[in-house]
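Following are the structures in question.
Note that chain A is present in both complexes that follow, paired respectively with chain B and with chain C.
For the complex of A and B:
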């Protein structure tokens, strides 16, 4: 049996084990106290059946199924389908991220190609980079005066740095011999940037983009919890306020899956531009 | 020499070093005729690659100038193609892509199919027909270097500059490629300046072999005129009566004289503008240290040229003055 198969078997086994333990740990222990069924219904299974307040895998599975069946319902501002919430989050991440791409790659090129710009911009980057993106939120809210745009700004600022630094590094470390090839062929600066530097630095740039999308997806949840209104982060917080742990767990799983998909898309793109040497 | 196609005029290279500067080489004077094949031999660190980079226009000399086809070098040019030691292919492009990139750089507005035809012509010439769509990573070392040669030739340069193009190849591949480079250069009448470490390669390919002393402060010690006929065959080149004379002379230089040339210079009136030209002839002469400057060198009797030739150097004022005009 191939390694892939064996690994898949082990994965399945571990998953089964986890679900089993989860099920056992949250299972009710039977009627704890004899009580009037009407009263038992009122106090809930936790009190009447000794059932854990933590939902079991079956409940979560059912919830996921309900969400999958109807992901786009909209019953007012506090009850929207998971699909709608995700769409809001993804749209914000994409907007902030794409603006960051448009800013980081040209500036990264500039920094990578000019040692002077590298040195002069370095102190700013070094100070701005370690700032938690959420620390910008109040300033963004104050200046932009729009919560949704503010979270887009926070996504922009957090995805900027990895792309900027990777682009600058990739551009600066293009092999001298390739640049010399361009020089001996009298290739002009624009053609050189697009035909030599860009393809040579593309794997590094895309690695930076992959790191950025990961960070952006981490930050959007926190940002939406903070600003509220819509989005998967808001959904998690709202369901916590509703004490619907089932929905919280569902959302956690969905956040993980979407994050994985985003990462894989960028990984695929990185593989496309990677050249063997 | 009547035709001074390339004229290296008193170039030096110095690098800043703690407490002054290190001189890699100083006052190099050399000229080459059109269609000539010149090899330069010397130990690592003598600055051969720097000389080549200066010729390519990739590095400026600290002093002096290089004139090619009556124009001083001001930077890289499509007239001077470089074949890099490390082949320097663009790994994200195919064989066709790499060659076509060079063609498109030379003829910016060429139509796409003309561009491909030109690239294909040189891919065929180096024997890579059928490998057009492979990427460099899929090619062997020899094939990669062939692509490098095709790329250099495809822009139809006036001069080819080769930096140890075959040093990374196995002996068999190296031999085949030497044959091909020789054939192509003769066919196209290329002027070639090549760096090598391989004495046999130099004798097989070159019309003249330039010997460079060890760095720092390297100088051109001698120019060895190759007595072998222009028509030569790899398999019997070593049977030529003068072959071992030349070979021993060069090996002797590399083994000992390249190191002690500074002392030798003191004994003779060495003039960097008139680098001694030697034609090592009979083996016994080649083994003698003084042979090169000795009027009894049999090479003199054999060849039309004087043993110590004063050719190949311009009077000082004309070179740099010309360069300044052009600049």
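For the complex of A and C:
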């Protein structure tokens, strides 16, 4: 048996163990006290039958199946299928993220190529970088006056910094010998940027982009929970509102899977541009 | 210049110097008019004409100063004649009175998923909006601050708000001042104090020192009622207990997590706490003040004046829905209509208990109180005055408040009365009434004396 197989077996075993413990932990305690049947009808199973407030694995599995079976239903503006909600979130993340790419990479080049710009922009970057993206939300809502654009802005601002810093770092650390060769061949600055620096810095830039997409996906959920309307974050909030832990767990799993896919796409792209030295 | 002012009066100003309500040149004139207004005798035709002429004058002279100068130099009758040449005032007035063409059919109305919003929500699945020719999208919103910002942003045309919010927005407390109106109350009663099950023998508020409570928002009836209730029992709400603003959906989760000892919150979350076995209902808000307002239907003054027909149709739908919700026999049907995920997203049995008033109290008893929540659209201006006294009592607004003027500007009792008549209801004949809060009489004519009578206050 190869290593991969054995690893898969262990993974499966661990998963089985986890589900088993989960099942036992959420068995419930059975009816605690005898209740007036009229009263028992008016309260939930948690209060009347001592059912655990936490759903068991079977319940969650069933819920996931229901969502997967019908991901694109639309029952009005506040109740849409998981697929539609995910599409909204991904669209927001992509818009904010692409704007950030368009801004971060040129500025990163500028900073990386010019020590003067590096020094003069550094204080701004240092102050703005550590701000939690959600702290921008009230300000964005107030100035942009549109909740959907505000969440895109929040995505933009949070995915900007890793890309900017990585680009600047990648550009600044291109090997001097290559630049010197270019200089002796009298290559112009634009050609130098595109044919020498860009390919050399590409792996670092893409690593920055990979960090950024991860952060953007983390933040969209929080932003949508705050603003509401549509998106997977809104779905979590709406189900929390209903205290439906089953749906919340379902959403958590889906968020994880989508985040993983986004990350893997950029990981593949990074591998494409990596070169042996 | 307000919509109902005489637009041909050169002495009218934007800032209020004349009388207490600002619509009249002197207090004497105000008093003379007041009797008329309260009794609703003011001829409808005349009022419509005023509204339309206001709009036209505003369009011709966007600056108040220019309008006054023009009127002073030519006189009101000449101005009226000149204006009629340009614009068929008579026709426009007729159009308004008949509820003319709707300016904007597709509207967005924001709501918070609580039973207080019942009329706004049910009007969608039960067809009250479409009956009045509107295509309304009701949008669930995450919290009061967000609903306020989205309405100020004009993403929403109108919204469900807590009844003190339009007053706070108009006065600029907690946001930028913006003229806001509240043409209808949605629900009366319907709130409760819920305590964690572990406090089931602490039914006397005197032993609540050190408790942590949640209320939905700082500018809410919940905050004022909770403060009033504990203060009447000698507990200082700022020093002896902690009150924090928590969005209603998070209240039950916080109660379960032991982050708070209780909350004065809106339903369905009181009943939901019982349903999930984490709390019990200590007292219903109707036992503090029978018939208190809670949530409201609010719109910016701009919406009201620029789209009068849309506004009238929307308000009519809400009043219609409210009247339907008021009838006990319709309550079960309503519970079924608003329970799905698109609206409140709650188990139907929870909503049924709230709306029918036959409910489990969390201590093993089934209680019956058909008036647990009720629906009544009329925005009594004395409600606004009471709210303002409490805002002042707890230091949310400072300085002198022209209680009556603010109340009249924001709580549009006359509009509601007119539209109530149109949908076949009988509106009250006055816009102010006195009432009792925890057995204590409130006289809307003497707000300052009322304020002075409290032992615990921040004034």
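Here is the rule we use: the second predicted complex is superposed on the first by the 254 of 277 C-alpha atoms of A that agree within 3 Å, B and C clash if a C-alpha of one lies under 4 Å from a C-alpha of the other, contacts with A are read in each partner's own complex, and residues count from 1 in each chain.
In this text, a contact is a pair of C-beta atoms (placed from the backbone, for glycine too) under 8 Å apart; a residue touches a chain by one contact, two chains touch by 3 or more.
This is a predicted model, so every value here is computed, not measured.
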Partner chain in contact with A:241 - chain B first, chain C second, else both or neither: second
If touched residues of chain A are counted for chain B and for chain C, the larger one: C
Chain B versus chain C as contact partner of A:196, first or second or both or neither: first
First, second, both or neither for A:75, with chain B first and chain C second: second
Partner chain(s) touched by A:177 [first = chain B, second = chain C, both, neither]: first
Residue ranges of chain A touching chain B (in the complex, touch as defined): 175, 177-178, 180-181, 183-187, 191, 195-196, 199-200, 202, 273, 275-277
List of chain B residues in touch with chain A within their complex: 56-58, 75-78, 80-82, 84, 86, 88, 90-92, 101-102, 105-106, 135-137, 155
Chain C partner contacts - residues on chain A that touch it in the complex: 35-36, 38-39, 41-44, 46-47, 53, 75-79, 141-142, 145-147, 225-229, 234, 237-243
Touch list for chain C against partner chain A, complex: 113, 124, 137-142, 146, 149-150, 153-155, 249-250, 252-253, 256, 272, 274-277, 340-343, 345-347, 349, 353, 358-360, 364-366
